[in-house]
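When the chains are written out, they are named A, B, C and D in that same order, and each has its own residue count from 1.
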Amino acid sequence: MISRFLKSREALLAGAIVLLTILIAIRFPAFVSAANLVRVFNDTSILIILALGQMMVILTRCIDLSMAANLALSGMVVAMLNAAMPGIPVPALIALAIAVGAILGAFNGIFVWKLNIPPIVVTLGTLTIFRGLVFVLSGGAWVNAHQMSDAFKAFPRAVFFGLPVLSWVAIFIVVLMTVLIGRTALGRAFYAVGGNPTAAVYTGIDVGRTRFVAFTLAGALAGLSGYLWISRYAVAYVDIAGGFELDIIAACVIGGISIAGGIGSVGGAVLGALFFGVIKNALPVVNISPFWQLAISGAAIILAVAFNARAERRRGRIILRQSEAAS
Amino acid sequence: MLNSASPAIAQHASPLATRPLLTLDGVSKSFPGVRALSEVALDLYPGTVTALVGENGAGKSTLVKILTGIYQPDHGTITLAGEPVSFSTAYDAARAGITAIHQETVLFDELSVAENIYLGHAPRGRFGLIDWKRMNKDAAALLRRVGADIDPEARLRGLGIASKHLVAIARALSVDARIVIMDEPTAALSHKEINELYELVERLKAEGKAILFISHKFDEIFRIADRYTVFRDGECVGAGLMADTSHNELVRLMVGRSVDKIFPKTEAEIGETVFTVSGYSHPTEFADIGFELRRGEILGFYGLVGAGRSELMQALFGITRPSRGAVRIDGEVAVIRSPAEAIRRGIVYVPEERGSQGAIAGLPIFQNVTLPSLGKTTRAGFLQLSEEFRLAREYTSRLELRAAALDRDIATLSGGNQQKVVIAKWLATKPKVIILDEPTKGIDIGSKAAVHEFMSELASEGLSIIMVSSEIPEVLGMADRVIVMREGRIAGEFAREGLDAETLVRAAAGIDKVQS
Amino acid sequence: QDDVKIALVVKALGIGFFEAAHEGAKEAAEELGGVEIIYTGPTDTTAEGQIEVINSLIAQNVDAIAVSANDRDALVPTLKKAMDRGITVISWDSGVAPEGRQMHLNPSSNALIGEMCVKMAAEHLPEGGGDVAILSASATATNQNIWIEEMKKVLPNYPGVNIVATVYGDDLADKSYREAQGLIQSYPDLKAIIAPTSVGIVAAAQAVTDAGKAGEINVTGLGLPSEMAGHVESGASKSFAIWNPIDLGYSATMIAYNLATEKAMAEPGAEIPMGRMGSVKLDDNNEGAMAEPFVYDASNIDDFKDIF
Amino acid sequence: MSDTTARAIPDRLESRWTTWLKSWEMLLVGVVVFVFAVNAYASPYFLNAWNLSDATFNFTEKAMIAMAMALLIIAGEIDLSVAAIIALASTLMGLALQYGAGTPELVMIGLGVGLLCGAFNGLLVTGLGLPSIVVTIGTMSLFRGIAYIILGDKAFTGYPADFAFFGQGYVWWVVSFELVLFLFIALIFGVLLHATYFGRMVYAIGNNATGALFSGIRVARVKFILFLLTGLMSGVAAVCLTSRLGSTRPSIAFAWELEVVTMVVLGGVSILGGSGSIPGVVLAALIMGLVTFGFGLANVPGIVMSIFIGMLLIGVIAAPIVWRRLRGESVG
């Protein structure tokens, strides 16, 4: 068990993150203070949630480019609703954000399921459509901090046992996903559908519907992230999380989730996101110009994918093994 | 028709059970361009092994897929224990108590052995969550039952093909089924594992399960089956008790004509050595391969599935690199690093996997034919369509291709006709040596004869042919000389005269040390 | 007689500041009569986007274009083309290089803005001064860089102000927030953050509040009263400044109108009337300043927060 | 004819003319005519030579890249780093400018950087066998990241006057150099894809890469060349765009990759590889240019146009499928 973990991608990635943190800590001990680590985790929470959503989709051999746009649209819907009717309780708004996100995700899923359109085309289209709808909905206007109710803004910030609710939500989602992916038929179906779609049919799994469910769940997580994002930064506008879809995919790739489907783990996605989080937060601290960040994450993606591909490279079946051993 | 072997008569004659557990009636299934099954009938009795025999492409696997809910029949009825049933997914069939070991291993490389066995019906624990511990334990028990020494927590990816097959068998047994279907379960197994499988079948029989057993191996059928049903070209042409039939009668039912006509081997004049392979080795797939091939000769390669024949041929064709060894063409040493180079040297390869390696679905027929010869049909890199059509017409008409037009997508053709296009594609390069890997695998009987006839014709025109085949009759019928491979090595070489099936099987399975 | 068509091209649609400028433009149009305002801009702050927009304005044969540029140089060729086709081109807020416009209207003089920022920070520093950091917008924004330069020029007059870092939030809320967090983290003695950008100042104030440092670290700079009201109330920001964007839009429109109808000429030394805002005097670069920035604090914020 | 046998198979079922009439390209021609007509009706400014000429600048640079991208996608790969290559090429051109490079050197550098970046992508994909979509998401960050490291908050300006010709010059009357260059590139790629050995290999690889390899095609080499071409076209676009803007910032051409891919897919190229045509992509570029320009004349914000483009993308791909469904044909 333990030795199996030590040999896994997750262990390697975890090691890389620890090493990176230690290196930073040598020069800036404050970086590893409990408070700062909590801050880094909190800052990465939304990326973790989104990466877990994207992971489900990628596991089924699909891809969702529209997650960030979905986040913006669901976020804008609840922000505007909150601004217009501050009386609506926050839990209802959170539920609404999740529902809107799920509907948008289902919209992607239905095209993939019923019309068999390649996911990349569908979500490339919905990426611009969702983003455009945010503009149409808001008329391009911002929803500012003072227009949001205090309860709306307070939720992700409230601290329990030393951690903000935002972090708790991420932890909750991680636990939920661990159970879903590891212990339910649906979770295992994601692996089956992505790993070998033909064999999945032989097993009685409806490939299209499983993909649809993955898109819907990913959409729901994007919706949740939409609320968390705007309440955390206390502002909503058309461009929020612009370009974030690629960060999400990058976190998955760094976390060892194979773009070809069927390979990946919750731990990998979380670590992939954390890797991003540490880098993003460390750069200003170690006084490297923020302009380096993009290049560093690019290099990390390339290294990660090259590394994972090497680990995945089929060892070839060895016909000669038995006879070699015999002689 | 031979439908006189109707359920009524069979039932009457059965000493084993009185009422069939499962009855199929008038079941038909068509694919674009192929009628895979037409109006077939089949009965399965509890505690009885029914053998389903028929040539490649007779529709056996299609029937299995219908019974397991993967395909839906175009029409016809399925009656299970007196109730009419219909399955829309594999899950429905499993719930009704039908389980199958499919011909192709349909498993998941990235998942663990235990999960491959239990995917879709994993044991549940608290809150309805999957109970991994119990799953691993149950899987271990099942694997012991099929006589496999495999760690249930291992990833499937690392297993060999035989082990994978055992996992597939374990998966079939993991469902509490009344009907167990086995589609060529022994094709990838070794002698010892085959015997264990036979014992398992006996046990299942004793438990009162109805078993449908599909196999091309006659000795096997006569050993374990109680009844038989024969398919030919998608039709049911006979059924009855094994005790009432003979080897010859089954063959006659299967083939529908006398056997030697299918392999129209004409004696070609065998000339000088064209192609020599010596000490050819690969780190993991094959070792110390050496043979010669002469002009006008058909050299057969026989072996069990997974013996490494395809790997060897692909290395000769430049797809993979050997670690050691040399190839001579017309006495000259040739280093072949890529298929392009092999083609230039006059060696071509008709691959086993027609769908993924041979035909390029999406391209029209004529473009498939001209693809490796484009150097000849282009001028300064520019395409000459009329020249391409001319070339395609020339070679496809030699093979008597049937198609609506040459600009149709090759995917619209039937399997046999696709194979003809693939062969035409290679002939158009005017090769010296042509390697045919399972040239008649999965193609219909008419095309099969055409391919065989054509092979003879090519040989008599002076072409040298290597024919990889797992079908003993084909090897015996067509080859001038046969090399048998086992576990990546040559296990024997035999001349045509006096060669029989038994010798080949023994050499392939390594039962006796056979001297060549 | 057709309406005079004046296009107000902004950095990006949806930004509160520019929406307010639009209001001012409409006010000017009403006052003038016979003026049609086209309010437009790209969706995100890119030069390419603005060029597309300007191309379609040229095609529509507008009479004047007043642009707040995303890129000082990249717009020049397109704007030159516009001028070649007889369209009056001015820049306002964020300028265009001289060859790409007839004149540029600064909201205020850069020197005044720079000094105001430092002064606001200095006023609320504890005895003996303290560390101050700058959170700028996109690193490429012309006006931001000029103001930062101006701030550095007046530093000798404010010995207590110790500038420790300049970071860039790219006018993105999340990036600015993270940069501000980084500042709070890396400089434990930080006493003030100057953010001369309306996006940055809000994000910084939010970051300070979330870090529990409201009242300890003073966030100041340039911001909109509507967006900053909450933070002034919470004490995260003691004071901040801005010119009135309504006035800015109004003035730009007035100038564009006067130039397009040839009621005035844009040349060094010229004085161009801007209705109720008086007139602007052009310097050697054909640039002029509208007015002094205006300081908002707890005493007056409530009067303005619902206006812009 | 001598080789006609009794059961001869005809070469073609329908004349090439009929095939063309039923093709995707005809559908796109229809859309072009429709959009053109609507624009002409809706705006008095539309039918004006200068305005139409200006409108072409909205798409020519992206369309140049789309030509190469079409081949790459037909071959079953994708390059999402094209916009980042523009940024890097433009930045290095600007850097060279600081060291006194003249127009010829600048052009050489722009094209050279494009080629190098393409080679880097190609090497990672064909040499290490990595999935191109992930590799190019990585290089997209890397290339643009390097541009940011070099430029930071600065900008390179002051390109020589004769350099402006590539992005701002006119060849004849309203016909811009960029438009002519684009048409020339389209012609080259059209011939390359549809009339040469190389093009045939591209289709074969896209339909079945293993099958192509088994047919003696050097798959890795062809794919590498396609990445090179895509890089080169990005370099060409970088020269044109830099010349048109007269300045370089690291955010140049931001998010263009998605527009380029949209153009290619709208042009009827299957994202799964194996089919598509250059005329289709040219028409798609025209449609996107006309739609943007038409909306622009009505002062509709760009983001609303993008909703329309997004719907167009999904709509044109879904329409034939829905149509076949409605007619009761099965879908593969």
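Keep this in mind: a residue touches a chain if its C-beta (ideal position, glycine included) is under 8 Å from a C-beta of that chain, and two chains touch if they have at least 3 such contacts.
Which chain is which protein? Per UniProt: A = Autoinducer 2 import system permease protein LsrC; B = Ribose import ATP-binding protein RbsA; D = Autoinducer 2 import system permease protein LsrD.
In this text, all values refer to a predicted model and were calculated from it rather than measured experimentally.
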Chain D and chain B - chains in contact with each: A
Whole-Å separation of chain centres (CA-atom averages), chain A against chain C: 36
Rounded Å distance between chain B and chain C, as computed from the means of their C-alpha atoms: 75
Centre-of-Cα separation between chain B and chain A, whole angstrom: 44
Inter-chain centre distance, chain A versus chain D - centres from mean C-alpha coordinates, in Å: 30
Chain D residues counted as touching two or more neighbouring chains: 152-153, 301, 303
Shared interface positions of chain C, touching two or more other chains: 13, 43-44, 139, 168
Residues within chain B bordering two or more other chains: none
Set of all touching chain pairs, with the criterion as stated earlier: A-B, A-C, A-D, B-D, C-D
Chain D-touching residues of chain C, taken from the complex the two chains share: 13, 38, 40-44, 46-49, 51-53, 55-56, 58-61, 71-74, 76-77, 81, 85, 97, 138-140, 145, 168
In the complex, chain B residues that touch chain D: 317, 319, 338-340, 342-343, 349, 351, 356-363, 366-367, 371-372, 374-375, 378, 381-383, 389-390, 393-394, 396-397, 400-408, 425
Residue ranges of chain D touching chain C (in the complex, touch as defined): 43, 45-46, 48, 50-51, 54-55, 57-58, 152-155, 157, 164, 167-168, 241, 244-247, 249, 251-254, 292-293, 296-297, 299, 301-303
Chain A residues within the chain D interface of the complex: 63, 111, 115-118, 120-122, 124-129, 131-133, 135-136, 140, 238, 243, 246, 249-250, 253, 259-260, 289, 291-302, 305-306, 309
In the complex, chain A residues that touch chain B: 179, 182-185, 188, 191-192, 195-196, 198-199, 201-206, 262-263, 314-323
